[in-house]
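Below, chain A partners chain B and then partners chain C, in two separate complexes.
Now for the complex of A and B:
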């Protein structure tokens, strides 16, 4: 008895311990979490396929990643994610062992060790003015036995030593307004040509001695027609350009420093005019490609500036750069689309009609067009050349083609997620047909066998008899767990679909169990078309979430996009079934979209009503059904909307007025009227952040019980907006203003009435501000210039007008007005409590856990600058913390006040992993109240389950059912044995 | 046990009845010895028994009062235990409190039984019973008070509003920074 009570006491103590430790054991990694590494859309690829060592390809991407990929499987050997401003301009391999990267607009040159990705050196290049930046790694160019890299950036040509990054010489081109186009190395000499345009109609050519940077020759020639865009290099001394109208081809030759133009109108080459042409940049000797609308033409440059069209095709075509294969010979790859196949052709540069290779490869339609092609060769066993081709598709995926097949593919579109939402999986349907059972009998037996084998292994593990191999087998079995990647809903709501919209306009459905792609769909509405020139995906919304018809209707999401970057361009809606990934329909709207407001009403088919606001401040209701309008009319007078105009510092509130009048009159369009506005003085305040509560957040209770059984009523309103403004001077980087010139003002604004509920000024502080709003509190992060530290503040809002609801009898009898609907116009009296703390890290993202009923305590999920996600208990950000809490407050769980927030290493939810390029964290409640699902995305993806107050409503995964069973059996056996013994003893007593 | 009794019953061969049945009518079959007058003895006897009965009644009344006062000791004991247990909710304090509640309740249920041995038509048990009940009620009150100090009784406003869901809002407002 004593032991039992002690045990229970111990258990209670354990459960109520103040710091719930979130850390995992080593063998729990990967059980509930998954991590996927991506690189983004490849911009440039350099193969490194020497005979010795592993074959690899070094790539740079649009997500500013440099990575070395295994050419055999597509896995990442090493990878570096540069900062968001550190855009990579060029990469190359030098000396066969260094990867040279030029980034940040040509100001940073780095060398990385090819085998392991360690940085060897870094040098910063400066220059007089901004210009295009070009990287050239010349072959066989040596200055004092030192291999050099030539970099043109900021109007200056630099020769940088390969071994240590030292600038050997530099040459400025500042005097001329040169727009550099190419840096060309003359083969078999130390000469370098720099060609470019000046004053839009002047062609400039500089000849430079690469060994010392001396200017040997400078020629320029004027061309009255001007130049357009890119140039194509057709030989080391000839380039092809287009005039400014895009109708005349210019062959510019600068042989021996003499510039000569050859003008050939495109109409001379083709009979029918097809509109302005664009040069497809390539570097194949003697051949270049131009594109006119949908027609691609390959043109051969003959001697004396003569041109000849060798091929004209209206298939989508991509060309690779030239690949020197043997002396004087260059090969290049050509990929053409034809229906569901792509045709890969490898040709020699001087021999258009002969093909080195011609293959057809079946291609998934959902990958779209081929955007980039990179070619590499290898020598087959019969000493002939084989070619492998790396292609980048429209959906940003990367594929390696070899011998007519896709060797591997990478879904790198997932590195650039724009928005994420979730969807439920299908409900498990009962009743499996007999045929299926018969068919599966064998499978079932096999499964049974595996099951038994697995249990034997587990038993071995528990009895500590397992060998290291067995332990590894057990671990892999735990990680695989057939249950977690099933395609049906589970009881606990852990299995869901994550629907992610990527920059490429592709929609992915990821399974939360193991992160595999369930389906992916390249949205037709986000495809370039006549009506929609530059479609941009904006956001995802849950369009239909069936609860009542869960068995026979599929949920769907709404993808909102628009046709171009300007705000008044027309919008596009598409609806996608989340079970199948089929696009149910799409609408190209006549109006623009500047706001999408999901309304809290659904129609009889459980489609959510959405209000779309256009640039002219008209509100459009979707779905366009009579039923929707009925529901909407019913709530018409209670619907408001607000706009935060951060560029001119105004927040405006609007109300719906009446049906639209004028040219866009239709039943679902409504005029709006401005109701209130808050104008921030532009000389002292500038909006830098605004945050509201998540509309689907569930709050369990309106009261907060504090020490001594007292109660405080939270001010819970969905119509609260947190706005942070800073002094316009202080909107730049940290450190550019003094604390006296800088301030941060935060507001809490009711968005129905425009009432400012709270305003607080932090003097000497500045942005960037990251904030999260939940229930009745907001937490924000900013920089304190006086303390030279980051700070986090919390504001909690309480409803003072309800505070006198303290009569127990009234509450017992239900004579109170706490549950009656409230209006913002009643203007309740509120009080706020706030507190600030120092915080060590700067932030990339901040979120808060959300659970199904909102009972479980909250944790802040902080995306740190180190690309990790840190879970911080909300109790650390409680404005009621004090230095010496009373006994009652301690019991309540109030932590003594400290000046800074603790960072407990075990509370990193990403444990040892990094979510490179972290951009956002979303949380989704599971059905189990204690648990929330966390998805962090950036270049990498990371998913895990969190239980902020531990899993109080379920047994943990490592709970030993076997031990429980054994204990029960042992107890029953003991009862029987002691009963028999006592019977015997009694009988003996009686015989005495 | 039943069997054992049976064995003993059947094993009885003979018995002596030691009861005094001199006054019983059955013994009147035998004539009184000469010079013996039964009347005087009877009188004496009745005097004696009356005295005896009075004494017994007194004793019973006294005992009943004593029994009635026993909860008081319990009360003190409980008070001490409660003081020892403190006012935080944990296993010990809960155990103490519930035993403090259970004891008076069970005692009150068995009020009749407790005073059964002292039942006599000459003894007035109402007083002791009332005292007993009052003391037990006192104990119960102590238990309830303790329960309240532990915060396990819904006597505060917070107990009634802690799970009250937030009130609905009449207006709905949405929007924000325009989509980029």
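Now for the complex of A and C:
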């Protein structure tokens, strides 16, 4: 009895020493996770290098980011991600200490403190009508000792005080259809010109006194030919425009308030006609550039409206804006592509033939063309001018060029990831050479030394005896010492490649160990071409995942894209090797791509079969091989799919019918047939979300044993679809609808038969709905207008037809129906259980953890509006939760019911970091069952490993081997000591 | 379809009416975020550093930032019931329900949605600060003893030094009886020792 109770005590003691936590310590940051910060494709850049101290450049980007970058290294000093609709129209630096941004179509003007990024003031500008928005920070313009910012937006010119954002004066331009083109400050006076077009053939010029907003002059002149697009400013009183056909150049001068036109047909300047021209907007005095097809021409304005072509080139060319360098002198930068190099030329505006600077820089072909150029100067030690140039490439990367070299580069294309998939790394090869062994022996000794030293330090760390330097040493050792960034597959499956497709049409492979770029490839198929005008990347699919038969093949991914925004435009496929990043091939298809269905069949080289549905409802099979068609014919009648038409409120089920009956015989094309359709009444329901299960999800167990030894069978079907509809009135944002006139209806639909298995109505609720479907449950997030809080609901679906298989005798006698085939056509008897809870935050994304075998319990990964990712145990969303669970239920792990879901700060997987502009979260199983890999992307990237039920199948990273060794040694020593003692005692007994 | 479009048109007209009847374009919500100095001393967001705090209207419809004094404003907000959230690393803010009524402009009714507490003025304070990391417990002899290795050593010591004492102090009679019992039962298995283990 004594032994027994003692053992129980011991066990209890042992169990109590396991902390029930999932979070990490502060010193574990960076061990399993990495975080990368990006800004997106730069739209505008303003240098701030006048003062001594930190040299910086302020940029605005297409991801609505404003950031201050270190000009030495390209690091971010500070950064703000504005809202998704808050598009930045212009930035500038005022007073040398404020960054002024104009955004939201010209309605929001903000000033930020340049050193630390603190917002100083914000003001809202309104006006009579929509117009182009322009920001001008005039130099030396003061109203009552106050520096002024001029903003043209909504058909109104505002003068805003720099210090507090107050509007000092405003002037409306009521002229019905004035399309403002430029706001120009007259040098050395307080005059401002506003020029624009009205009624497409009228040129308007307003002269304004900038100190009080008084209209001094208004002139207009008609030009019968009309105007086309942009204008180029060639002096403070002259602009160049094109007529509506793009064949006549117009030099419009408004000197002293008098408008005069000069027309020069382009054919007078160049002999051969090259089609319509486009003006490249720039602001260099006396020079402008036009582009005709692939030819770029630089034209000098000679005065009296005379033009002269100074250079004609068919290389891709980009020009920067003018940079005033000294009294009356302007410099500008020109970048031309020539093969694998780019030529940077800096010229003075009035002297085309002389170059201030000419450099050639080798450029990575994978960066594509130069899209934008920004120039800045500095004074060298010998008092001459030096120039640095910031360039934005086609792949959205940002580079600083100085003294003929790339000083730094930022891969900002990664801020706009469209889709992500993963790929395995190559297997480590055997067969090591002798030289390598010798080398390794030395390395090994060194390693051993480091190992011992490391463990001594670690032991010190665990015993809390380490000094701050020791702690720093431990930290750096942990961060770099591990093998996490090796380029081979590891036993636990933690090392993988993340393949990311970006908006620029570039494919990146990131290593999961530390996030470094393994390779990147600018897809040729996503390059603008004659056949494909506006290529848009759509999705990534696993094309070939060799594991059994074709180990020698490299895995590859399929990139699906299309040539334009409309749905019936032709599609493009490209295949990329994930080890090397080489494009294996690309196909420009004759048909469009509306839907891509990866089929669960592979051919002998492990290429997955894909079915592409086009806009004419034809199905096309890829790869186009006889073997594929052979496999496909076998499964012909087993292929079902569905389509959701959001605008019409229709969900349709489809099936294959026969070979295409077109004029061209194509044995890989199939006609399809509509099997069923569900039409939602358009006056009361509108589809806002549809979610299905991940096709590669693994479910470990078909049943769930509940507390009273009862079994519930999960209804697990790959063909379940979750659809959410709302009242059309409630489809907008929160705040525009009352609870009485809004509702949310949720459906579970079988996509083979079109049968609605379950339907729930949430009255007084509205979208947006974010949902995740896994195993036999779906969790969705929506807004409850009555409580004015967000809610999360769970629906679990169970199979009732197998419920009576619990009888052991039936099982023994074989009278169960477990082996009967499961078909979607058999009428399922399902029961559903559901429950709802309040949740505090708005959502941006939701996902669920997935593990290799599906044994580990699940966690929901919730991307909150604060750009953090929260891990929430699925046990909190269990419809069997009740206020007072019984003892048996408690043992099963059921948590007492609460009205809201808990937010435990320690369970934020992003801990104290933010994934700014969060758009998606994906999870990938590792080989180790307990662990899953989580990748969250937006403007930032974040990656971590997660163990939803702790790492029960491996030792944790901070496991102290040293302590184990010491214990063993101590035990052995104790054995010897006690042995000797007992020997002695025995001897004494015998002597007695 | 036609019905919907007519309906939408109506909605648009309605909002347009509100906009024109209000002070120019919709209404303005002004508020302030206040972070008490006491909170967040063990900080990620240093007290007073407000430049990275965002204020979000209706789940991302509008996003704004704080001025140096902590104030923020949303312009052109239509009448209705809105939701304001504050995203600040290191603090937990409750979302706030804000009623903007067309009848008495300028008057804003606000309530925290987490605990339904009404606010007389729109001053948002964090409900609590958030600690994202576990705190390492300082070294104590107990943590070593409690670790699996410590327990092993401890158990061994107990067996080595205490068990002989226990056996010594036992009555010889009882000892014999116990030994007999042991012989009958065999070695006690772990399953028998566990509570409820007898069931299966």
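Note that the second predicted complex is superposed on the first by the 905 of 992 C-alpha atoms of A that agree within 3 Å, B and C clash if a C-alpha of one lies under 4 Å from a C-alpha of the other, contacts with A are read in each partner's own complex, and residues count from 1 in each chain.
Everything below uses one rule, namely that a contact is a pair of C-beta atoms (placed from the backbone, for glycine too) under 8 Å apart; a residue touches a chain by one contact, two chains touch by 3 or more.
Values in this document were obtained by computation on a predicted structure and should not be read as measured data.
Novice: For A:911, is the partner it touches chain B (first), chain C (second), both, or none of the two (neither)?
Specialist: second
Novice: On the A-aligned overlay, A:245 touches which partner chain: chain B = first, chain C = second, or both, or neither?
Specialist: Touch partners of A:245: none, neither chain B nor chain C.
Novice: Please indicate which partner A:700 is in contact with in the superposed arrangement: first for chain B, second for chain C, both, or neither.
Specialist: Only chain B is touched by A:700; chain C is not.
Novice: Touch test for A:124: chain B only (first), chain C only (second), both, or neither?
Specialist: Second partner only.
Novice: Contact-wise, after the overlay, does A:355 reach chain B, chain C, both or neither (first, second, both, neither)?
Specialist: neither
Novice: After lining up the shared chain so the two structures overlap, which partner does A:24 touch, if you call chain B first and chain C second: first, second, both or neither?
Specialist: So A:24 only meets chain C here.
Novice: Touch test for A:841: chain B only (first), chain C only (second), both, or neither?
Specialist: After superposing on A, A:841 lies in contact with chain C but is clear of chain B.
Novice: In the superposed arrangement, which partner chain does A:139 touch: chain B (first), chain C (second), both, or neither?
Specialist: neither
Novice: Residue overlap on chain A between the chain B contact set and the chain C contact set?
Specialist: Shared contact residues on chain A: 8.
Novice: Mind listing the chain A positions that touch chain C in their complex?
Specialist: It is residues 2-4, 7-8, 10-11, 13-14, 17, 21, 23-27, 29, 78, 80, 82-86, 107, 110, 113, 116-122, 124, 126, 462-465, 682-683, 728-729, 733-737, 768, 783, 785, 787-790, 840-844, 864-868, 900, 903, 905-906, 908, 911-912, 914, 963-964, 966-967, 970-971, 974, 978 of chain A that touch chain C.
Novice: Across the complex, what residues on chain C touch chain A?
Specialist: Contact set of chain C toward chain A: 1, 3-4, 7-8, 11, 15, 24-25, 44, 50-51, 54, 56, 58-68, 73, 75-78, 80-83, 85, 87-90, 92, 94-95, 97, 113-114, 130-136, 138-139, 144, 146-153, 155-157, 160, 166, 188, 193-195.
Novice: Could you list, by residue number, the parts of chain B that touch chain A in their complex?
Specialist: Those in contact with chain A are residues 3-4, 88, 90-91, 151, 154-180.
Novice: Which residues of chain A touch chain B in the complex?
Specialist: 5, 8-9, 12, 538-539, 560, 562, 567, 593-600, 611, 613, 635, 638-646, 653, 690, 692, 695, 699-703, 705, 709-711, 713-714, 716-719, 721, 751-752, 805-808, 811-812, 818-825, 891, 990
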